[in-house]
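Sharing a structure, written as structure tokens. Questions coming.
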């Protein structure tokens, strides 16, 4: 199968959906013809679809999301980009209090089919304001779905599902994933929300990982294989809805689980997954539930510091060995 | 000992600290002489300390917190009130990206001794935009402490500690707690952060609960006693720092734990506490870790609907019995 | 007085304003009887604004509303029964009891909903305006908000965006002098919110918000401008909140005589006098209208009170579409 | 030319501007050598603003800064060595390597730090202004931000608050025509950011941002006003970002000839010419200054390069004070 990058896969999804449905349009800072998106995801789309459907906005994150909400509830399907995930903090009211609650608050009268795309993640030394992973904030908000694709294939299939759905979707990308290549079918496909993907099968320990951590988990698994520890890597692909069954199925097989997530450990993604297992599958466990995550610091700038706080293969291997 | 309300206890803490330290001042919407705070916590303080130190602000949540940050890093000790916890979403950047990160980002040069007080919680039928419990968002942010007092005594002691500390504090109150009475010493005291309080001793099951849920947990415990189930109720009092030891000590004794929190279940406070136990004390457990929380909906308006989604004594009792 | 306005239209305005007033009085009364859960923010005194604005709008046009939204709903044509039922938390309410007083919406008549986060409706209105532009219809959006909301960041971001993109949005600032207990001068250093339009390169108009025809005409100009593709207008309607901010507020912070002064300028009284003076309506006709409105509201109250509460499990529905 | 300005002050301004320019050129060079982690936003072309502003300030006065902040630091008196070390991520940097290019601070000289969230510095500056007022000192705050930032909600909320409370803040908008690749006209429908001052009842001044003396004088007036307790001033400095937005940006979106036009108005060149024309400095003296600056910067580079990286575990420190 042909290989394309995560970035290209996202762009293909946007392009195909914009061709298919005239109500799909994009808005965000510098996404248009002059820049093509800070990470070039939307590069070339303004040229094909025009400035009306690929709209450069002022630096007004609240208004970007609020505008998308208003368009979504009146028949459009906006895809908003927030240039860095950290900056969603500026639009938190529009995301969590408006977009996510409109359907419920108004008794199901309104649909808000809006996609918010944003890159999370550290690893490029741009410090505390441009490196966070904040998925857990949005996971904690009912009414919005949260997607966390780790491969080009998942990115394309999930983004198309997000755009076609009837609900707001918080679509998390990761800076280090953009250049990653992977197989993506030429033909049309979508990937349903709430269906995890077993990225590697194994028998001894389950690792649940998301976004860029999936790749580190796979590296760790390859390494551990040499030491005769067979690791299964489960990628939930969406955090809301979350495929509990897939995680539990794996845990029932292995009896051991390590949850790996780049976000800060406390009250993060790994906490929820650990809590689910502890509540619903504890009887199958043969060991404590391990979490590998950022050690509750802001992201520092300097390379040795940043490397130290981002979970890496070594940390994953260590956690697996502690319970294997 | 004399009894005063939670509201009065907070007011006393503010008054005493303002008398003690001229750098303490208050700002927020309608906290001054014309209203005294939406929940009357600051009532009378403008009269004593003047409008300069009890400052009514425009409806500008971002600027309220940003202003407090600027004042805090230049020698003042602001206590900002956000009228409803839901509205902290509007100031999320200033709270999570600025206040919480300033000390770290600038290599320890700056201190940001700022307190943000806000009421969370449902129960008074004011619907989705005025009823949420969002502590978990702030727990997930390193650099800021999170206090969750459940009694007048804790409220006063923790608020005084918050004001005197060198770090930003997110100080959670609860609408239904304001009128609750409790014993509070006349003499000066403070309560350290990171020290849980065992609100009731018991042998069979541990309940960890916060804010208004502490009271429901105590009611549930009283009821369960009649059925010969002895429940210990642990109140962490601060979520950051979190007194893991106290929770683990209790679990080691009881072997069973129910975490009760009013916020939405997924990725909420109860998830983190469950995950800690699952990671660090699983060997002492004789049963799954139960969570009692809001079932991942926005808060509805109508009384029967609201009652249905807020965790109550019945739900707590049910959870305890399932594992007792 | 706008002679070019048809008699029917004028009478319709009077009727709507009266509906709002009497509706609010009933809400107040029911609140006292413990039939209204939560809190309420009454629109009494500001009726000329909602009605003056919405009289320019068709069913397909949009409005966004606020915590003080009953008047906006009624002016836009919402059913009084379902509105009242929502306020009482009943299953038959517009939002099946999930929204309540601060979150009424009727998407069938372009009422895009009230938000209780002050200032949060502005960017949503901008989005509706963008949607109109992209769909190439000739709809209009009217966005209601208070003078207090004009200090929110969203006010700035939203009007800037609407102006830059030349969207068909009328920003209607209802300056009732107070935001809760905070008098305008405590929260800003300008007298006219309309002057803020300069910051976005759009017209800013100050109008007597207690004169329904003045509001009507100002909005009409804004609508014309918008339909020509020239973009938004900011219209500040000077008015007064006749009651406290919410049900619990005794509003002691108001200087002596202020209420009386404004009651003398009551928008309904003024329109009534005009209608009589210009012989548009006779006293008898007015009395008949009043009676009809009273009956309609009584029916709404009866409907609302007799409607059942939603069943508890309904709380778990509608989280997702 | 401001005759009343002492010769020493003028020379000091020239020296600082040159320091900034040559510093930025070095940063650019080091970036090319892979010695600068992350990204950089150079201040080249805007030196007259930082220097014109900070020449009005004493060590006790405050500034807040942005992602494009190296110039602000240097103008406020930051040590070049520790600034460069921070940019290179070294232990000896102002923030021990935790902040980097976008987060430099020096609290000892009132440099309250750069924030990389566009617009986030404005309310923080207001807070510093409030602190001054409450502590009753006669300090001043200068708040730097770009024209792009003036579309953020925080711009609006902050200036409104500073005006209402009459705080001693100078809001300095560096209008360099672009926010990343977004030309001003794409993001707003007004030409002068200064006109937005009307919305807050404060003076708004447009000034040639490439003329350090013009900036100096405008700020001086703002400072006087602030010290009299009359509140903030909004000063818009028209300037140009001579380089791309960040290191990776080829800036192809700029119309032909635009860069050249602005290079001709280069602030350093202009000041140099004036100094020569007015015989404030001779060519030889200028050359001497240039040499001194070059040496100083080379020392800073040497210091930074030779400094060690922080040890990994340092990452866990300073989360709390």
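Every chain is named by a letter (A, B, C and D) in the order it is written, and numbering of its residues begins at 1.
Following the convention adopted for this analysis, a contact is a pair of C-beta atoms (placed from the backbone, for glycine too) under 8 Å apart; a residue touches a chain by one contact, two chains touch by 3 or more.
Quick caveat: nothing in here was measured; it's all calculated off a predicted structure.
Undergrad: Farthest chain from subunit B, going by mean C-alpha coordinates, please.
TA: D
Undergrad: Could you work out how far the Cα centre of subunit C sits from that of subunit D, in whole Å?
TA: 45
Undergrad: If you average the Cα atoms of subunit B and of subunit D to get two centres, how far apart are those centres in Å?
TA: The separation of the two C-alpha centroids amounts to 40 Å.
Undergrad: Taking each chain's centre as the mean position of its Cα atoms, how many Å separate subunit B from subunit C?
TA: So the centre of subunit B lies 36 Å away from the centre of subunit C.
Undergrad: On subunit D, where are the residues touching two or more other chains?
TA: 95, 97-99, 103, 115, 117, 151-154, 157, 160, 164, 186-188, 319
Undergrad: Where in subunit A do residues touch two or more of the other chains?
TA: 57-58, 60, 62-63, 86-87, 89-90, 93, 97, 104-105, 127-129, 142-143, 296-298, 300
Undergrad: Make each chain a node and each touching pair an edge, then name the shape: line, ring, star, complete, other.
TA: If you draw each chain as a dot and join those that touch, every dot ends up joined to every other.
Undergrad: Would you tell me which residues of subunit B are touching subunit D in their complex?
TA: Those residues of subunit B that touch subunit D are 23, 25, 52-53, 55, 57-58, 60, 62-63, 65-76, 78, 93-94, 97-98, 102-113, 142-143, 145, 166-167.
Undergrad: Of all residues in subunit A, which touch subunit B in the complex?
TA: Going through subunit A, the ones touching subunit B are 86-87, 89-90, 92-93, 95-97, 100-101, 104-105, 127-129, 134, 136-137, 139-143, 240, 242, 263-264, 266-272, 274-275, 277-280, 282-283, 285, 287-291, 296-298, 300.
Undergrad: Within the complex, which stretch of subunit D touches subunit C?
TA: 151-157, 160, 163-164, 186-190, 195-196, 198-202, 231
Undergrad: Within their complex, state which residues of subunit C touch subunit B.
TA: By the definition above, subunit C touches subunit B via 37-39, 89-90, 95, 97-103, 115-119, 148-149, 151-153, 179-183, 186-188, 253, 309-316, 319.
Undergrad: For subunit B, which residues are in contact with subunit C within the complex?
TA: Per the stated touch rule, the residues are 29-30, 34-35, 38, 56-63, 86-87, 89-90, 124-130, 295-298, 300-309.
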